[in-house]
Structures are given as structure tokens and as C-alpha cells.
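Okay, so chain A shows up in both of these, paired with chain B first and chain C after.
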Partner chain A sequence: MAVLIVPASLLVLGLLVAPMLLMLRISLNQFSPTQMMIEAMSADNYIRAVTDPYYQQVLGTTLGIALLCTLLTLILGFPAAYWLARIESRWKSLITILTLFPLLVGNVVRSAGWMALLGNDGLINATLLWLGIISAPLKLMYTPQAVVIGIIAVVLPYMILTLASVIESIPRSVEEAAANLGARPGTVFRRVVLPLALPGVAAGSILVFVLCMNTYATAILLGGPQFKMMAPAVYDQFIRANNWPFGATLAFILLAITMIFTIVGSIGIARRYKR
Partner chain B sequence: MMAVARRTLFRGWVLLAYMVIFAPVVMIVTISFFQQEIVSFPPDGLTLRWYWNAWQRPEFARGFVSSLQIAALATLIGVPIGTAAALALVRSPLPGRGAFNSLLLGPLAVPGVVCGAALYMFYVRAENFLDQDITATLGGLIAAHTLLTIPWTVRLVAASLQGLDRAAEEAAANLGARPFTVFRRITLPMMRPGIVAASMFSFIQSFENLDLTMLLVGPGRSTLPVAMLSYLEFRIDPTLAAVATVQILLVGILMAVTDRFVKLSRVI
Partner chain C sequence: MAQLKLSNLAKHFGAAVAVEHVDLEVRDGELVALLGPSGCGKTTTLRMVAGFVEPTAGQILIGGKDVTHAPPYARDTGMVFQSYALFPHMSVAQNVAFGLEMRRMGRAEREQGVLEALKLVKLDHLAERLPRELSGGQQQRVALARALAVNPSVFLLDEPLSNLDAKLRSEVRLQIRSLQQRLGLTTLIVTHDQEEALTMADRLVVMDRGKVLQVGTAEELYERPANAFVAGFVGRCNLISGFVDPGGVFRTDWGGEFAVPQESAPGKAIFALRPERVALRPGTGHGIPGRISAITYLGSLSEYHVDVSGNSFLVSMPPPPNDSPLRCLKIGDQVSLTWDVAAVRLLPFEPSSNQGEEP
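Showing the complex of A and B:
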């Protein structure tokens, strides 16, 4: 029966591990505008990626946006997750599925929806103009704020579903006991619910942070051409600059940051909450 | 008073979260029915003609058919081999189980753009070596998307296997059923919820994938999300909204059908 693992393993080795090794090798090559690529063994590309002010800024923007979006998603999503976890009716499974649904609809479709909401002729500007609150459309599209809102909408279902599954495992009696002993709702939340939900907070935040780091469609469509994050920068190196070695380098840096956060986070959760 | 204010704030906050999630989806469906070509509010009237218009555009019609083909074939290939791997992971005395598990969940851990870039260079190298097109072909895209289906299948099927009581299988074997009969009549039906859910997730993941696919398409062969993205870089109009609505509808139907077989809310 153990041989049943072979086809899937070969597929992943052939189409993920082998291409990654090739990419690592290519990231050590050098770019030449005439020959495209010169075989080499140098760290020049990595040095350029971390010292060039332009790429420092791209990386800084990406990390900043990812941290901000993770924090806002956590704040926005926690009450919704608590609500979902504590529903006691036949609607619960329907609401769970409805939370999952937008997540499966795809990022391109949801970014398009935000374009229709935030554009100069979009619903928000049209409503504000009609109400007479503003006299000229606000510039909402192609701003970092638009990207932040778009990303939050994309990752929020992940956060809610992750948190809700952990909050569900907290017995309601624990909260009732604290309340009966005279704790106010704020105190119950701070001293009982939040500490017990921390593994979920950590797991949800790591997942969401990684997703934010890798944002592509939302950044392109809502941020416009001037707004650069890591994933579009990687893509540009292959499509526009045709610079494989540097594209491979940027891809590896993105992967490394993702991996470090995932691994450190999972070890942290495992160590703290080992049963 | 305080309690009422607090409850109102809580409910408002929950409502806000769900509004942020649903607003773009509702918006895109709404404008697909708008009469005027340049999106503005309120609409001049409502129409269905943009759906016809979208189908007349070759990039959307072809992208839609391509995406369907790729998603169906990637699911047909990926779910059986992923199911086999899940069986081996849960049921056999496998050395290095943890390592295999991480390997098979790998495609989920590596960012789509990174994986796509690596595959792109790998495909171009293989093309030079084999003297045959791989990028922007149906085969190349199906292979890449099969990779996407593996982690979902392994995870969902392994989870459904872990909860299984082996007594029924042992009873069947004791009553003289051959191993293959036990598998076909007992094990496989018990794994069904996991397999059905895995097929749905695999199909949808493949159908809506952009990040991994972007670098692997070309003039010869594209997919629906890539076609939508290139169109959106210039404008948002009811034609695009109609295409997006079709994708939303497809995902909704698939989820509803799957939910009849397995309780989706319990799978995730």
C-alpha cells in the first residue's frame, strides 16, 4: 500500500521541487541584455535585491501592507468569527458556506467588484455626489487605501473561518462562569475568550499575512501601475525585463519570507500549546 | 443602556465584516445587468445583452472553455493520485511519513507566483531539450494545475480516512471478502465525502487560479482569469461583469451540489 504514495510524490518532485532547484541555480547566474543569461555562481542578484533602493521600497511596501492588512483583518474579523462560532441555529452551516463562497469566487472577480465600487463613476462616489456631501469625485481607485480594502476583503473569510473553529472549541460555560463571578463583558473577552483563542489568532494571522505578501491581482487592479508589490515585481522581471536571474532572485526572497513566517509561527504555536 | 449599546456595536461590527466580504461580489453581479456600457449610477435600465456580448468575445469564450477543460482534466488526474497518496499516508507503515506529508502539501505552501515562475523556466528549458511546445499548451497547463489539486486532495481525503472505524473492514475481511472487495465495497464508500469535497475544491482552485497560471499562458492558450485580468487593466464594464457573474454562478452551483453529498460546513 505504501507504493500508492509514489505517483503523487513523483508529480510534486517533478513539477515543484525540480523547477525550484532550477530556479535557485538560475538566480545565481548573471543577466546580459544580449545573451539573456550568463552562467555564473554569484550572489550579485541577491545583493542587488537588498541594496537597490527601488527594490527595498517594493519589499518595504509589501511588508507594510501585509502587516497592516493582517492587523485590520484580525480586528474586523474577530467579532464576526465569535458570532459565527456561537450561532445555535440551522442557519449556521449556511452562514459557514456563505463565508467560504466569496473565497472560492477568485481574486480577479472580487477586485473587479471593488473597481466598480471605488471608481470615479463608482457607487461610492455616485452616492456621495448625489447626497451633496462632495462636489467632485474623490480619488479612491489607484491608491494604497484601495489595495488595503481589496486585500482585507480577500483574506477576511480565511481569518473568520480559522478563528471560528478555535472559538467553537472554547466551552461557553467558561465564559458564563467568569460572568457569574462578576466579570464584565469586556473583562470576559480580555481575560477568558482572547487568551483561549490565541492559537487561532496566531494561525489565522500567519495564514493571512502570507496571503497578503503574495497579493497579485488586487495590487495590480486597485493599486494601478505605480503601486508595486513583490508578486507583480517578480512577474515583471519575466514578462517585461526578460531577466530570469533577477526574477528568480526576487521569487526566492518572497518564498523565503513566506517560509520563515510560516515555520517560526507554527513552531511558536506548537511549543506554546503542546498537549 | 450599556448592554444595548455594546450589543449594537457588536452586531454592527459583524455586519461590517460581512459587507466588506460580500460588497464586491454583489456589485459585480449587479452591474452585469446595467444598460449603459460605461458603468455609472443609477443605471439607465436593465438588460441581459452583455452576457451574449461576452460570449461573442473570443478571449472570454475560449478562456472559459479552456478553463473548464483544464480544471476538469486536472481534477480527474489529481484526485485519484492524491487519494492514493492519502491512503498510503494514513494506512500504510510508511517510512518518513512526515516528510512525504510536507512534500505533498508543498504546492499549497509555495506562493503561486513563485511556483509559476519556477515552472515557466522549467518548461522553457524542457521545450529546448525536447523540441516541443509546453508553455501555452493544454498539456502544460493541465500538468501545472494537477499540482494544485494534490494538497487539497491529500488533506481532505486523509482527514476523512483518519476518522474511519476499521471494524467494518475487518468484519468484511473475516467474512471472506477479498482485499480488493473490502476496498471497493467498504473503504471507498466511507471515503466518499472526502473525495467529493476534494474534487470540488480541486476543480474550483484550478478554474479560478491566476497566480500560478499567468506565466504559463500564451497567444495559443489562455484561461478565463488571465483573460479577465488583461481586460480589467483597461476597463471595467458590464461585459466583464457578465463573465465574472458566470464564474460566480459556476462556483455557487458546484458548492450547492457538493453540499448535497457532504456537509461542506463540516469539511472545512
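Showing the complex of A and C:
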């Protein structure tokens, strides 16, 4: 039976692990404007990335946006997931598919649509101006808020579906038992539903956090040129500056930070759950 | 504890009628069983009392207080669920303490309450375990303790024994009954198992298709069933449809003629006779002739299925002694059936009813 995992393992080894190892090697090289890359074994790139205030700020923005989006997605997604898990309707499977519907539209196309909606000449500003509610266009585009909203719109379905499948496995009768013993709906949620849904909260949050940390198109299109997150910064180094060693370094820092937060978060939740 | 009163209670799900015109009074300290086949509305009735199902019409009074539209958390009922519904992330003690916490009881008092409730079900030594570390029977006792710890006005049990194996079931049945009597709990229990209902309940409510067919003690239901469904559901019964002619003879649909009690009114009816009230003799000429089609030995009882003109008659009796001629009866033998006419009951004819011959 072990042979069944061979094709998938080979694919992962060849297309994920091998390029990553190459990248790791590249990140230790040195950049030269004339030769592009000089073979070396130095941590200079890493030292520069963590000491340069600019990249500290890019990393801080990325982490802040990702954590905020994960939290907001969790808060927005939980009620919807609960509703989806508990409805007894013949439309349930259709609603589940509708939840996935936003994912059918690619990130770039969706963000372009948001630009048409939020831009200075966009639908919202045009309408407000026409109604006379405002006299000058509001700055909706190219703000961190626009990026946060844009990211949440993409990652919300992942959160809802992950949570719903876990909430579905919590028997209704357990909630009824709590109510029967005198717990009001808020208490039933806090003492019974939420603790039992923690594995789903963990899985959904990790999934969403990883997606947020690696946001690219949404950050560029809705954040504008002044707004920098890590994934676009990696792109800039590789393509615009042709500085592969430093681009690889930024990519590894992004990977490391994402992994640290994911691991610490899941250990924290697992501890609470075991209690 | 308090009395529970349901008046004209009904529940419709869209066009479907789940429960209709249920009137019932459970007296202080009384155990009443709702008995019926699946889908008869007994569970819906219980869930209306607990507050999980909003009644379409009617009233629910607990201790004289109208709780018809009160939320579940404000009703002061203690319910034991069929699946037990223990909180899987809490220890046994935390499960039992939950209701006391909701009542804002102090820590010392709460710990005392938990200990007392667990002692009641003899589980105080397992207080720190998680539900998944317990056997099914132990989980069931935790569910009992959790519901009893809050000292509810009304104790509700939804098929509490259906997930236990047969041996444990009869044991737990007696334990619940003795607890209920000792604590004087006003109790409503839902079951589809007539034996469970007969052994535990002060009174039984037989339901079918959302309606209450009869309310009474076990003896009343067994000896004086109101209709063929009750006769067939509570104990076993030979039920034969036909009519009473003006001469006072019962004529079956297939041409048989049976004597009936003197005062029987003429007209269509169902002839009901308990299997243990029929006597059986080898050979013909002593009563209604028939032929044995099956014999079932059940230890304390033997059951004979007798074919009478193509209709099966059930006769049950203690296994005959070794020297009895009945001992050598085998399938295909001619026999005759006799009974005391006083044992016959005539029940109202219901053309569409399921007569529930073998529950």
C-alpha cells in the first residue's frame, strides 16, 4: 500500500523541496550588479533583511494584516459556519457550493472589480458625488482597509467551510443538554460550542493565516504602490532588482515567520483543547 | 417537584401533524410513560415539554406555571437524552456541575451537589474521568446524575435505555425506578418498549400517529384496552375483525363463529383475546379446530401458532409437564381451541387502523 504515496511524494520532492533547497542556497550568495550573483556562504542578506527598517516595516505590515484578517475572518465566518452546519434544508448542498462560489473568480479579476467599485471615479464615489453627499471623492482605494476587505473576501470561504465541517460533528443534543441545564444561548456557545469547535478554529485560522501572509495580487491592486507586503517585495527583488539572493532571503524569512506563527498557534490551541 | 400538565397540546410541521390534542396530567412524584411506535409523536411531545419544540397550539404547565413559550433554559426540567449528550470536553464532575453553575451556586455548595448526585448513581469514584473513558452504562448514569443534580421540577427521559444491552437495561430500569420513587420525581419517560413502560411507569400513555389512544395503569391497558391498537401494542393479542350478529354471535370475515359476552352490541367489531387465555387440546371435537403451524419454546412459556381456516391464532402457556399429551404436539397436528367467553373483549372496529398485532 505504501506505493500509493510514491507519485505524490515524488511530485512534492521534485517541485517543492528541490526548488526550496536551491533557493536556500541562493539566499546565501552575494549580489553583484554586474555579475548578478557571486557564489558565497554568508548570512549578510539575512542580517540586512532583519536590520533594514524598510523591510522590518514590510514584514510588520504583512504580519499585522495577516493577523487582523485572520481574526476578522474568524469572527465573520463563525456565525455563518454555524448556520450552515445546522440548517436542515434540501438546499444545504447548494448553499455549500454557493459558499465556494467566490473562489471561482480569480484574485486578479476580483481585485480589478474592486478597483472599479472603490476607485476615485469608481461606483461608490460616483454615486455619493452625484447624490451630493460628498463634494470630493473619498480615498477608498490604495488604503490598508481596502486590502483587508479584499483579502477577507477571498479567504472567508475557506474559513466557513473548515469551521462548518467541525461544527457539524458537534451533536445538536449536546447544545440542547446545556440549554436544558439552564444555559442561555451565549453561554451554550462559550461553554460548549466554541470549545468543541476549537480544532476547526485552529485548522481554519492556520489555513487563512497562511493565505494572508502570502497575499500578492490583492496587496498590489488594492494597496497601491506605497503599500508593501512580503510577497510583492520578493517579486520586486527577483524581477525588478534582479537581486536573487536577497529575494530568496526575503522568501525564506516569510516562510519562517509563517511557520513559527502556525506552529505556536496550533500548540496553543491544542493545549487549550486538551484541558 | 411539581405536577406537569399538558392541555390540548399540538405540533404541526407544515401540513404534517406530529402531535394532536394531547391532554395529560403527571401528578407530583408520578412516573408516566409515553409509549408508541416510532413516529407516533411521543418524542415531539417530550421535546415540547423541554422547550426544544415550539407547540403549534395548547398549553404546558409546570407546577401551575405556564411555560408554553418559555425558552428551554428557563423551564427547570432535567432531561436525560437518548444519546446521553454528555459534554465530551468536560470531566464527569464538570458535566454534573454544569447545571449547578448555571444556577449560580457557590463553589462549596456545588461540589457538595456534584458529590451527592454522583453517589446517587454510584459513580463518585469516577468523577475526574472524561465521558469517553466510561462504558455506555456509566455514561448513562452520568447523564442521570447531571439531570438530577439540579433538582428539576420535572424529570424527562428520552428512550434512556435504548443504547444499553439487554441485561444492563433491565437492571438500570429498576435503578431509575427506585431513584424516581425515593426522590419523588415527577417524571415523563418516552419509550417504544412496552416492557420498559410496564415495569417502570405508574401510568402509561399509548400514542399512535400523533394522538393519545389511551391513558391508564398497566393493568387497565392490558385488561381493558380501548382499541385494537392498544390491545396489540401492550402485550400480545389475537385480533380478529368481523361483526356481532343480532343473535349475539361473532362472525369473522372468513366465516368463523365465536361466542361473545352477553351484553355485546351488534355491529362491526374487533374480537380480542389474549394468547394466554386460550386453552389448547390435541385432536378435534372439543372447540374451534385448527392445525399447529409453529411452536416456539421460550423457557417459562411455550407459544403455539395455530392455523384456523387460514388465520393464525397465537396460544401461549407454560411448557406442559412431561406426561401431558400436549408434550408430543408437533407441527401439522390437529388441535382444538377453547376459551372462557369472559376473556373475550370486543373492540371498536377501525377500518384504516394498523392493528399492531406484533409490536
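The working rule: the second predicted complex is superposed on the first by the 243 of 275 C-alpha atoms of A that agree within 3 Å, B and C clash if a C-alpha of one lies under 4 Å from a C-alpha of the other, contacts with A are read in each partner's own complex, and residues count from 1 in each chain.
Operating definition for what follows: a contact is a pair of C-beta atoms (placed from the backbone, for glycine too) under 8 Å apart; a residue touches a chain by one contact, two chains touch by 3 or more.
All figures in this text were calculated on a predicted structure; none of them were measured in a lab.
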Give one word, clash or fit, describing how chain B and chain C relate on chain A after superposing.
fit
Would you check which partner chain A:P195 touches, where first means chain B only, second means chain C only, and both and neither mean what they say?
second
Where does A:L254 make contact in the superposed view: on chain B (first), on chain C (second), on both, or on neither?
first
Chain B versus chain C as contact partner of A:A183, first or second or both or neither:
second
Once the two structures are placed together by chain A, how many degrees is the angle at chain A between chain B and chain C, based on Cα centres and rounded to a multiple of 10?
80
Which of chain B and chain C A:I152 touches, first, second, both or neither:
first
Taking the superposition on A as described, I'd like to know which of chain B and chain C A:P102 touches: first, second, both or neither.
first
Given the touch rule stated above, what does A:V234 touch, chain B (first), chain C (second), both, or neither?
first
Tell me the contact category for A:P245 with respect to chain B and chain C: first, second, both or neither.
neither
After superposing on the shared chain, does chain C or chain B touch more chain A residues?
B
Once the structures are superposed on A, label A:G204 by its partner contacts, choosing first (chain B), second (chain C), both or neither.
neither
Once the two complexes are aligned on their shared chain, state how close chain B comes to chain C by Cα atoms, in whole Å.
10
Tell me, which parts of chain A touch chain C in their complex?
171, 173-174, 176-184, 187, 191-192, 195-196, 273, 275
If you look only at chain B, which of its residues touch chain A in the complex?
3, 6, 10, 13-14, 16-18, 20-28, 31, 38-42, 81-82, 84-85, 87-89, 91-94, 100, 103-104, 106-107, 109-115, 117-122, 125, 143-144, 146-147, 150, 154, 204, 207-208, 210-211, 214-215, 225, 228-229, 232-233, 236, 240-241, 244, 247-248, 251-252, 255, 259, 263-266, 268
Using the touch definition from the top, list the residues of chain C that touch chain A in their complex.
50-52, 71-73, 75-79, 81-83, 85-89, 98-99, 102-103, 146-147, 150
Spell out the part of chain A that touches chain B in their complex, as residue ranges.
1-5, 7-9, 11-13, 15-20, 22-23, 26, 76-77, 79-80, 83, 92-94, 96-97, 99-102, 104-117, 119, 121-123, 126-127, 149-150, 152-153, 156-157, 160-161, 185, 210, 213-214, 216-217, 220-221, 231, 234-235, 238-239, 244, 247-248, 251-252, 254-255, 258-259, 262
